[in-house]
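Each chain carries a letter (A, B and C) given by its place in the written order, and its residues are counted from 1.
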Amino acid sequence: MPIKTNSKIYRLFFLILHGIYLCVLPGCETPPTNVELGNKTGVLHWGNGTEPQSLDPHIATGVPEHHVISALMEGLVLKDSQTLEPTSGIAERWDISEDQLVYTFHLRSNAKWSNGDTLNAHDFVWSWWRALQPRLGNLYAYMYFPIKNARAYYNGDVNDFKEVGVKAVDDLTLQVMLENPTPYFLQLLDHYSTFPVHQETVEKFGSADERGTRWTYEGNMVSNGPFKLKKWAINQEIVVEKNPQYYDEKNVKLNEIVYYPIENGITEERMFRAGQLHYTNDVPIDKVETYRATNDPALRIHPYLGTYYYRINTRVPHLKDRRVRRALALTIDRESLTKNILKGGQIPAYAMTPPDTKGYFPPNKLEFNPLEAKRLMTLAGYPDGKNFPETEILYNTNEGHRKVAVAIQQMWKIHLNIDVRLTNQEWKVYLDSESNGDYEISRAGWIGDYVDPNNFLDMFICGGGNNRTGWCSKEYDKLILQEAPRKESDQNRFAIFREAEEILIDEMPVIPIYTYTSKNLVHSSLKNFNPNILNQASYKDLFLSDDID
Amino acid sequence: MIRFAAVRLLQAIPVLFGVITITFILIHSAPGGPFSADKAVPPEVLMALEEKYDLNLPLWQQYFGYLEDLISGDFGPSFKYPGRNVSELIASAFPTTAELALYSMIVAIVIGLFAGVVAAMRPNSVQDYAPMSLAMIGICMPSFLLGPLLVLIFGIYLEWLPISGWNSLPGDKILPAITLGTGYAAYIARLTRGGMLDILSQDYIRTARAKGLSEIVIVCKHGLRGGLIPVVAFLGPAFAGMLGGSFVVETIFNIPGLGRFYVQAAFNRDYTMILGTTIFFAALIVSFNLISDILAMWMNPKLRQKDLGDEK
Amino acid sequence: MSEIDYPEENFSLWKDAWTRLSNNKLALLGLVTLVFFCIIAFLAPWIAPYGYEEQNLILGASPPSYQHLLGTDVFGRDMLTRIMYGGRVSLLVGFIATSVALVIGVSWGAVAGYAGGNLDAFMMRLVDILYALPFMIFIILLMVVFGKNLLLLFFAIGAVEWLTMARIVRGQVMTLKKQEFIEAAHSMGLPKQIIIVRHIVPNAIGPIIVYATLTVPNVMLLEAFLSFLGLGIQPPESSWGLLINYGVETMEEYPWLLIFPGLALTITLFALNFLGDGLRDALDPKTSKD
């Protein structure tokens, strides 16, 4: 039975609607965005990728951790953000002995911890002792291995830390003895794994080698860098504020940095557009096009010290023949891949080491040559792909990796007439498969920790943890582990590396595909931002200004 | 009724027990462990890590060790975030998720009740079809479709509302609440309409109308009561569903809630975090189901005899 | 116009219901739409204009045109084809998972309802216990543990949905059990199994159908959620859920990648819901208008 008084209901309805409208409208004046407010108050809003696992420099691994730690702490040496040359950090200056085996660091007299304590050479000795404690589980312990006896101490062959080549000659002088002349040693000292930690604070919250204590948390942390920790709301934000005890604090222009753990690139890009961020950690591939098309200066693309490559499991019968592997490598059209599919300014890679790594250029022995590839396949017993078993490419679930894999699958089909099936696994499962050798070809990426070819080449020594291909060459090992470290000049070392890399390219246990680029959106109000191939920002140099320049 | 509550509470124990056991078995069957990483982990380091977290003990020992800790209220340390306890992580994230669920609930109830009442007043007419269809959008559009659309329209083009975060900008709770709430609004609308139609087709309502009682009184006083009972019974599972299903909305809007934590923990193989969150959610679900069943029973004496065998 | 509560003769109820259903325009529309989509999905391998993995990397994503009626995605694959094939997967997951839920739920509920007593109490307590599990959480774990096994996906989703089905069936069976015609059959000496299968189940079918129709959309949404996490259907297979997820990522640059799969899914879900509602209204005399 229809209701007669529905007009009353409708009137009520509209009244409510009107009421809502009136309430919302006055508050409609949009509040200032993070960027607007931040520019006035000196607060930088930084998109930081995943939530940092730990801010303890001797435990952390990963780029998001690196960003926060580099604001909070400082090591002996800093890097010029453009040239990447070592500049003085806690160490004001240093002397290197003739034979390049002894480094003597003269520390600043005014270096302090954020709680006012003075920072001296003993702090470094203690910190480096801590970093090498096996129970701590420091995945970057190998950064210390150029130091005399450091590797032996870590492995337990040497029991007394006093035998390790680091000594506090006096409060302000630190002496380091190396195993071999290591021209890139100063670079290592800018990596956070060699940063000092405040002994009293660490020990207040647990034993020195106890992994995962609370000393790095809000209210507890004591650090020595341009900023100190103000707030750490997990999965929400990390806020650091200017450290008044920092020796160079008058040159630090930012007041605060807020790090946002935003995993989703699409969300992050939207936040940037809405003025909530000054800087994004990454830019989704499809958005890169849009920014390029409008020549938007916010988009910053820069070569990044990393290589995207495929590992080949050399234990698999039909992949044992190096001619097959080389054929596979020769039929990847890297130019087309980077230009048409990746579209992020990536550079085709024909060797594992990125070109111009501190002046090193890898040998040029790879190219796109399908004819030669066909010839090699025939020689190997698979003319026109006949009888070649279906091969699997494994990658971790990610659209970008899939794009590359699909494209390569097509290329191999067209040029070599072989069948490839694609398998994607979730991250942890994929890691497991790779380390267990449970794959045929798998996608991989390696980001350099320091600017030196060694970082890219010592992965593939026999049985190396990062090798995982089952490939082993005694000659390669000799070059990398014995001959190269003995050379004093970069020039001589690079010659050895080139020799080693030639072996690597000849044997092709890994197929380099492209060199990474870092893609970020940077607001025009962020000044002094100098991108470099390590994608490291120098927070003490950055400042915010609304001026257009 | 007290007996009913007591019986249900007692039942909760084997439920939680079953939850713990099943979860434990599942996570340890998953390939990949909490410590595998891109850069190879040296075997000694791996051993030290596993020792610290008791992962090198036989499975049954780990299981009973966990139960022992649980009884004393200790959910254990998180594997992924060294130094953090699972309980503190849950405590930091849960209030956010609860708030989100609460606001979404309000949205769902407001839209749902309104649509249901309007529809029930004139069944099978445009007044019925229109609001019900509109409410249906909630069911038929997944939140990961609706959310980004709302973001696009209201956040980017119109610039009326913030598009991410929670408690950082004023108004940033509106879009997430609407996205999560509209899904349930449709169910509430349906239940309200159904329950009200039940009542409104009764003879005594006809008598009341014949007597000249105003329509609003009839609808609001009598009809609504019939409509509210199934809604109240539904609130429990709805709230529980919101808590569990919040992770999509949390991911889209970058909200630091427990749902997102849980998904990350599953992907990171953070065993203790997974177990802790699962137990926590199970306990919540049991409690909410119980509360809403009690409420529904209290509102309708007939239900005390009848079985709870109705559909959603 | 019969408004009796118990089914006297089967076919008059069905005829009655059909009449009511055909008067419900929305439900009819839903039925027609559903059948249309199912036919297209079934015929996809024969009528799709392109292969679903056929790429055109130079073309990339392009808006709808004569060669590609619904546009192409970032790999240059034809969207019309992708949506057709995606529909196959989505509808298949929907129906199969629902069937799994149906089989388990109906058997469980019928047995519990008919047996009554302690067996019933035990079985339903088990259902209560399972009801309390945070299922989203378990499904995520299951998919993480067992990987991208399509069969397992059906099973996992079905295993979540059978509970309510069991409850409904049990309720129906218990009501029917007390009906006179069942008692008559019983006293005639018909064995229990025959009674259950030939008399009880056909009469309980009404609500079962309704609920099943309403479960399919839930299942499809569940599959889409899993795809959102990267746990559901894996490429190169594709479902509407997966297509929508891809579309959301590029919805500003290439809106057609979102609109068309989104429409497909939403329309199908609307159709199923309207149909289910219509069926419920048709089969349940109480909600008839006055």
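Just so it is clear, contacts are C-beta pairs under 8 Å (C-beta built on N, C-alpha and C of every residue); 3 or more make two chains touch, one makes a residue touch a chain.
All values reported here derive from a predicted model rather than from experimental measurement.
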item	value
Central subunit by CA centre of mass proxy	B
Result of counting contacting C-beta pairs for A-C and A-B, higher pair	A-B
Chain B-chain C separation of Cα centroids, rounded to whole Å	22
Between chain A and chain B, centroid-to-centroid distance (C-alpha), Å	38
Whole-Å gap between the CA centroids of chain A and chain C	46
Touching two or more other chains - residue numbers and ranges from chain A	1, 426, 429
Multi-partner residues of chain B (each touching 2 or more other chains)	30-31, 156, 251, 267
Contacts with two or more other chains, residues of chain C listed in rising order	144, 147, 248, 252, 290
Chain C - residues contacting chain A, complex	55, 57-58, 60, 74-75, 144, 147-148, 230-231, 234-236, 246, 248-250, 252-254, 290
Complex interface listing, chain B residues touching chain A	30-33, 36-42, 44-45, 48-49, 52, 77, 80-84, 89, 92-93, 118, 121-122, 125, 127, 151, 155-156, 159-160, 162-165, 169-170, 209, 214-216, 219, 251-254, 256, 260-261, 267-269
Complex interface listing, chain C residues touching chain B	26, 125, 128-129, 131-138, 140-142, 144-145, 147, 164, 167-168, 170-171, 174, 207, 210-211, 217, 221, 224-225, 228-229, 241, 244-245, 248, 251-252, 258, 262, 265-266, 269-270, 273, 277, 286-290
Of chain A, residues touching chain B in the complex	1-6, 8-9, 27-28, 30-31, 51, 53-54, 56, 59, 61, 134-135, 137-139, 141, 211-214, 216-217, 233-236, 260, 262-264, 267, 270-271, 273-274, 276, 426-429, 431-432, 435, 445, 464-466, 468
Footprint of chain C on chain B - complex, ascending	11-12, 14-15, 18-19, 22-23, 26-27, 29-31, 123-124, 129, 133, 136-137, 139-142, 144-145, 148-149, 152, 156, 190, 194, 197-198, 201, 240, 244-245, 247-248, 251, 262-263, 266-267, 274, 277-278, 281-282, 285-286, 289, 307-312
